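In the two assemblies presented below, chain A is common to both, partnered first by chain B and then by chain C.
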Partner chain A sequence: MAATLTGKPAAGAGRATVLGPWGTFVVRRLVGLVAVAVTLVVGTFLMVQLIPGDPARVVAGADATPADVELARHELGLDRPLLTQFGTYASGLLRGDLGTAFQTKEPVAEIIGNRLPFTAEIAFLSVLAVLLLAVPIGLAVAARGSRRTDGAFTFVTGLVGATPEYIIGTLLVLGFAIRLGWLPAAGAETVTSMVLPIAALVLPGTCVMARIVRSEAAHVLAQDYMRTARGRRLPPLRLYARHALPNLLTATLTLGGLILAGLLGGTVVVETVFAWPGIGQRVVEALLVRDYPVIQGCVLVLGLLAALLNLLVDVVLALLDPRTLAGKGGR
Partner chain B sequence: MRRIRWNTPLVVALSGLGLIALLGIAAPFLWEEEATALSGAARASASAEHWLGTDALGRDVLARTLVATRLTLEMSLAATAIASVAGILLGTVVWVSGRRVRELGLRLIDVMICYPALLLAMVIATVLGTGPAASILAIGLGGAPAFARLTANMAASVAQRDFVTQARLMGVPPHRLLARHLLPNISGPLLVLLSVAFANVLVALSGLSFLGVGVQSPDYDWGSLLNSGLESLYTNPAEAIGPVAAITLTGVLAGFVGDGLATALDPRGGDTKARTRRPAPVHPSSLRAPADALLKVDGLVVALPDGTRLVDGVSFHVAPGEIVGLVGESGSGKSLTAMSVARLLPEGLSAHAAELTLDDLDLAGPEADPRRLATEIGIVYQDPSASFNPALKMGGQLTETLRVHQRAGRAEAYKRAVDALEQVRIENPARVVKQYPHELSGGMRQRAMIAAALLPGPRLIVADEPTTALDVTVQADVLDLLKDINHTHGTSILLISHDIGVIGTVCHRVVVMYAGRVVEELSAADLRAGRARHPYTKALLAASPRLQDTDTEERVLLATIPGRPPAPADRPAGCAFADRCPVALDGLCATERPDLTDAVACHAVHQEVQPV
Partner chain C sequence: MHRSRFLACSITVAATSLLASACTTGSADGPSSSGDTSGGTVKVGVTSDVTSFDPAKGASATDYVMTSLLYQPLIGQDDGGTFVAGLAETWTSTPTKTTLTLKKRLTCSDGSPLTASQVVASLQRYRATSAGALLTFGAANAGEKTTITGDDAAGTVAITTATPWGEVLSGLSSTGAGIVCKAGLDAGAAALAQGAVKGAASGPYEMATARRGASYELRLRKGFDAYPRYASTPAGKPADTLRIQIAKNESTLANQLQTGALDLAPITGTDVTRFTGKTGYAIRSTPFIRNYIAFNQRPGHPGADPEIRKAVAQAVSASAFNKVFGGAGQTMTSYVDEKAACVSTDTTLLTTTDPASAKKTLTGVSLKLEGTNGVAGGAGNSYVAEALRTAGAEVKLTNADNATWATDVTANQGDWDVTVFPLISGTLARGGSYFLGPEPAKGGQNYGAIKNTAYADNYVAATSTTDQGAKCAAWQKAQEALLKANDVIPLATVDVHYVARKGISFAMPGGLLTVSTLRVTR
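Right after this comes the complex of A and B.
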């Protein structure tokens, strides 16, 4: 991994003249993505190796016979040299073979193929909703600049933002599913099933994000170029949407990338609360019974998803603010 | 570290957390028995005996929630300690080590950060198994990258400052650099980060237990209580309420401590926004502007919300086709005067005047027609590199006024922008409109700014220190350009500068300001000929290198003006310049404020002309 990381700037710099800023940018980001992927593969591989004591015994269970343990050892490939094991694991991944679940004997790739669309659905819709809500709210509060509004905003976002998704989820089920009976409490049978899980993710996410937007917006609105824009006596919508927004998004999305990654983590929990048949619910099931191939596969795929999400943020940033293209590399 | 300014939210949140901590210590002694006693009534709803009902084994939920406080808090503290120590070490060490290590370290943090902390914690929990110790380690290590990232950001701002660079050059070893220079300078924000991290850790730990991979029976924390509460949500919703309230309350309080600390440590905080006082009446000056003047300013007052006057009764006028210079030291109120004319005062400042008009357009009233403001006043700002929007191309910025206020089509507006750029002597203007501001040089940006001001065909250009941020070599070019524009278009210009040399060469008439007031008004010819009368104007001239008589062989030493102008809030009752004035009269100057009579505000000058 160290080799990949140090090789990164060289790859970008060498091609800068040939490829132009966008080419360099794409090459850099792809190299970064490969670095993350390699880290994930090595990480998930070591996960099983690092289990304290004898992984085979842990996998076979507490009351396993020595024969069961040996069988588990063989199934895990733990009786072969470490490098051979890694070779088998990595080449399997390249062929799309993520192993077989201990419990259900299904191929892990198939499990993920079935589950991923559900996770992607609520994660994508939540990210979209968070951005569409948080940016206007944060900007509006900053533009208003009144002390009382700021105080109320800080209090409400502090309260809701600090409340975890699983608690908001629980309260939503209690209120809207049990008391009012408006929406289904669990499962994914109807379109309305999506509403509560997404709300549980969006409410705290929006609050945290809106706070970031507000503080960035306050900074942007105080800049000289905003005074220039005000000097052109533009209508408010044009002033904020065209002049403040692009400058705001750069910083917001840089920090917001963290929040989006956190949202993916939140999805795992929310899926459990609402019995949403996504990859997060499955990984928690696997964790409880220590089904290692499933855990490895899900962790790998979720990690790649997070990296792709980050890449997406970077591309959007580069489109909005071309200065980020120039030579800033990782950040 | 800065002194902490205590505020109500901080005190309330800290006391709340203190009470919860006390509860954590006391609860196991008080309610341990009730929490484990099997009452026989499983999953009972809330009653007088069991306020939150009982769980699946008939144990009292309230007692269990209270007793679980200790384990939850202990685990959260331990995990916060792990996350913060690992994060702070990682985040600051990269800044005191060499370039290679730093690059590698920052990239490593970047890679780790894009991984959801909860997933990382799950992986660690998988490896280590379940139970409190494994959870603590998992959440602590899972939270470390985010902590490292934020610490590295804070350390970066300190590490790149001069005193750290100097210490490094002097060979101060890394660990001393860290302990003596870096950490003390980020201790305030770190404290904020710590309280936020505690809230996050508490929530994540509870989440792990809630999922069933954290604390295992017979141990219990709030998360595992919530887990069993969720199962009986339909039969006894009260069972979930206890842990929900406990986790939320503690997490929110810790978050509020963070908010409160951030406010308490914010140097910009405090009571800056005091109640707005009613402005004192404005007295029109005795000097009447000529009827045909384009810009009339009479008795302009710019005040802070608390009533402190930054500009105190300024009057002058600008005739059509005239260049008028406003000159004075920084803090004299000249830029605020210019911004009042442009109606662009910073938020919080208010302007009042007996008269502030551009022809028939009232600039002081509550509503001024935006279209007329945008097209009749062109503004050239001080810092061209900060005054263009970095995210938008030049073309869009130059044509905006035309398109919004003059309804020009896109093609027409761009053609006019290219013409205007050509007029301000920018080469290859068709290319410049497609470029971003950062692709132009400082001199080019200021020319483009002048072109932008010129485009709608304004009657007045307000130029606020247009050459201050530029290289000496391009300053003269920009000033020539302004003179040209005045000459060819007959556009009036209000030029603001601290440089009396600049003012003297460009303007027709000069208004000298000191401490928020006009002290002298004279023609540029008089200024150049050395016929200034006010001792402050004379001192400014003596301190300026450009107007020295270059014919004489003898070198004239540049004078400096001793002292500094008084702050707006401590301006004396008499003449504000009296303390620094070489000709101040005993008694009179310190007690009585001189009026602007016969275009000069000075007791000494007045007495010379009309001896009492």
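Right after this comes the complex of A and C.
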């Protein structure tokens, strides 16, 4: 496109012309994904080495003699040169082997396979609920345009949005589990067990998202085309759903993707409060006992998931509004 | 199953959106079924996942709970250090030879007979793979210097040590020495560590289902009757099913106890006050961590000077330290708590708290204090640091996590002068192994490089005899030597409170929760 406009093809412009905007977009993002993966692999490997504390000592146990510790170090492969350790790790990754946990001797892939679905379950449902709640609320407040409603909305969303999840979680447990006895206080034994953890994530997330939707909606509703649409006396549902909503999606979906990526790796507090056996808790446990393979494996998978989610959001946005391709490597 | 659950739960989004106000079904678990006339299901809370199902490799409290249910030791140790029958019915013990006679008709969880040969194989594996075996058979009897033989016809197992060692029975009663059946031995260490191997269990329960990180369900073995005969084992029926549920957070455990999702849970912090004096709950407390101050006594460190050690002892107060943790623990008079066999309770051996005198010695002295933040975020370390600062010392406090602290202090790879040591073990022999012998760099456990020959001599005397009177006399002399030299400054215990709902009883022989004694009494 650049070549067409200026008549002076820039470097790589020929390939862009051949591949088209979508092809260029996809190629660039895939290259980006590979770069992210390589950075994660190298970065996490080096990062764990910097954590103070000896994993061999932790594995050997409190009663271990120095000989036991050295034996554990040898069995874990930590007595080999760093480069050799990295080579073993990287070659394992190429074979799809994320390694074996130092502590529990479980395959790391199995740990992630067991834990990630729990986190993904509450993360996806939470983001879905946030979107379903925040968009209509934000849009409704913007459409109403009342100063009093705006003030109340800002106060409530500011207060709840700024309240830490563990406080919200604790209050929910106090109310719905202990006082009313309607829902389980913790655990993952039944379907109802996930209601309170999701609520603890949804409440602040909805408030943050609704504020952004409201702000974006106020801007969109003030546009000329919306005034024209209103002048044509379109039914409200059609007016907002067909004319306002599509223009809110960029900010909403982008934020939704970021919230989801954050929740996949960052629901540790909620997982702890509700004894939810997710991956966030497992990473923290691994950090405390210096379980290098678990840390590396989880961070790698979560990092790649975050990158893939961002890519997915970009693809969806580009499908909805092809103009966004220009800003995302699709020139 | 997970996918269907995911789909089913999409419906709950709506409920979530409405803050679940429409949900009135409540927990499907409801109150525990522990009140059934049968043993029913009893739900036990724990604060960490199992790190290893191999009894010889157990490291965490949950490991001990789990492996003690699956793998039964030959004997048990009751209050006051007396031994009671486990898989073994009778035994005799001298400093060099211990012979145990197994109960008749013992079986493994697959129904196969548990023979003396299998017990020998299990103990040989324990001797070769467990760090705890060093104290069971003695450091001087490592490897082939301990002979373990069995006679299937007579049902006897004999353990012979090359040099006298009087702690064999005590070691055999530990969870780590739980007997693994042939199926487990054949499966190998990796399989045993990862999960319960079918047919490997010799204890009262076998694994029914395992959801790592969430819960485990253990089923009572039909016909098992080799329970340890502790004097205080309550009447009632063992639970038909034990569900071990994991919650990292003690407030969460308390919430689950309060809502009936748990029947028994350990609580170390202030959440226990939610149950204190409340009907429907019983609380039993026992020391969990025994805190004491120890020094790096290598040349060039302040702790090498006996006067500095004495001044540190004068600067701190065990009762003030106890108050840091709510005053619920017990002040200590030795490096283990008062429930330990042969512990010294002679307070005249302790240096009296005297901050004014401490100031004369400590003013201007620079001390690097390193402790673990594993207990209440290191609040106890902060108290000790402040007490020493008040006494004029310049203190650099490091509150490290357990792994870092263990590397820096117990492996002596860090730069430290003083530590607040959180001892888990409650026996003089195990806890005392840190105060004698070579330093970590030379293959030992003496992290502070203590050179107290009177202690070391009496430690050897105490651990080399099976005569309880002689043992306690030697331990008294050993503790006297250690305390008078201020090599150790006893502080206070941090207690764990086991909160049980009505209808659940259990024994704590020697102050340790023994889940195999859990009985449903309603």
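Of note:
Definition applied: the second predicted complex is superposed on the first by the 264 of 331 C-alpha atoms of A that agree within 3 Å, B and C clash if a C-alpha of one lies under 4 Å from a C-alpha of the other, contacts with A are read in each partner's own complex, and residues count from 1 in each chain.
Assume a contact is a pair of C-beta atoms (placed from the backbone, for glycine too) under 8 Å apart; a residue touches a chain by one contact, two chains touch by 3 or more.
From a predicted model like this one, the values you see are computed outputs, not experimental measurements.
Of the two partner chains placed by superposition, A:L83 touches none, neither chain B nor chain C. In the superposed pair of complexes, A:T272 makes contact with chain B and with chain C alike. Of the two partner chains placed around the shared chain by superposition, chain B is the only one that A:A307 touches, whereas chain C remains out of contact. In the superposition on chain A, A:L50 makes contact with chain B only, not with chain C. Of the two partner chains placed by superposition, only chain B is touched by A:I167; chain C is not.
By the touch criterion defined above, A:V299 reaches chain B but does not reach chain C. By the touch criterion stated above, A:L237 is placed in contact with neither chain B nor chain C.
Look at A:A186: by the touch rule set out above, it reaches chain C but stays clear of chain B. When the two structures are aligned on the shared chain, A:D224 is found in touch with chain B, with no touch to chain C.
The contact surfaces that chain B and chain C form on chain A in the two complexes overlap at residues 52, 58, 170, 173, 178, 272-273, 288, 290. Those residues of chain A lying in contact with chain B across their complex are 2, 5-6, 8-9, 32, 35-36, 39, 43-44, 47, 50-52, 58, 145, 147, 154, 158-159, 161-164, 166-167, 170-171, 173-174, 178, 223-225, 227-235, 238, 242-243, 246-247, 250, 257-258, 261-262, 264-266, 268-269, 272-273, 283-284, 287-288, 290, 292, 295, 299, 302-303, 306-307, 309-310, 320-323, 330-331. Chain A makes touch with chain C in their complex at residues 52-55, 57-58, 60-69, 103-106, 111, 114-115, 117, 121, 125-126, 128-129, 132-133, 170, 172-173, 176-178, 181-196, 198-199, 202-203, 272-275, 277, 281-282, 285, 288-290. The part of chain B that touches chain A in the complex is made up of residues 103-104, 106-108, 110-111, 113-119, 122-123, 125-129, 146, 149, 199, 203, 206-207, 210-213, 226, 229-230, 233-234, 237, 240, 244, 247-248, 251-252, 254-256, 259, 273, 342, 344, 347, 370-371, 373-374, 379, 381-383, 386-392, 397, 400-401, 404-405, 436, 438.
Remark: chain C residues 2, 5-6, 8-10, 12-13, 15-17, 19-20, 23-29, 48-52, 57, 59, 131-132, 134-135, 190, 193-194, 211-215, 245-249, 251-252, 255-256, 258-259, 261, 400-404, 406-408, 410-411, 413, 424-425, 430, 433, 440-445 touch chain A in the complex.
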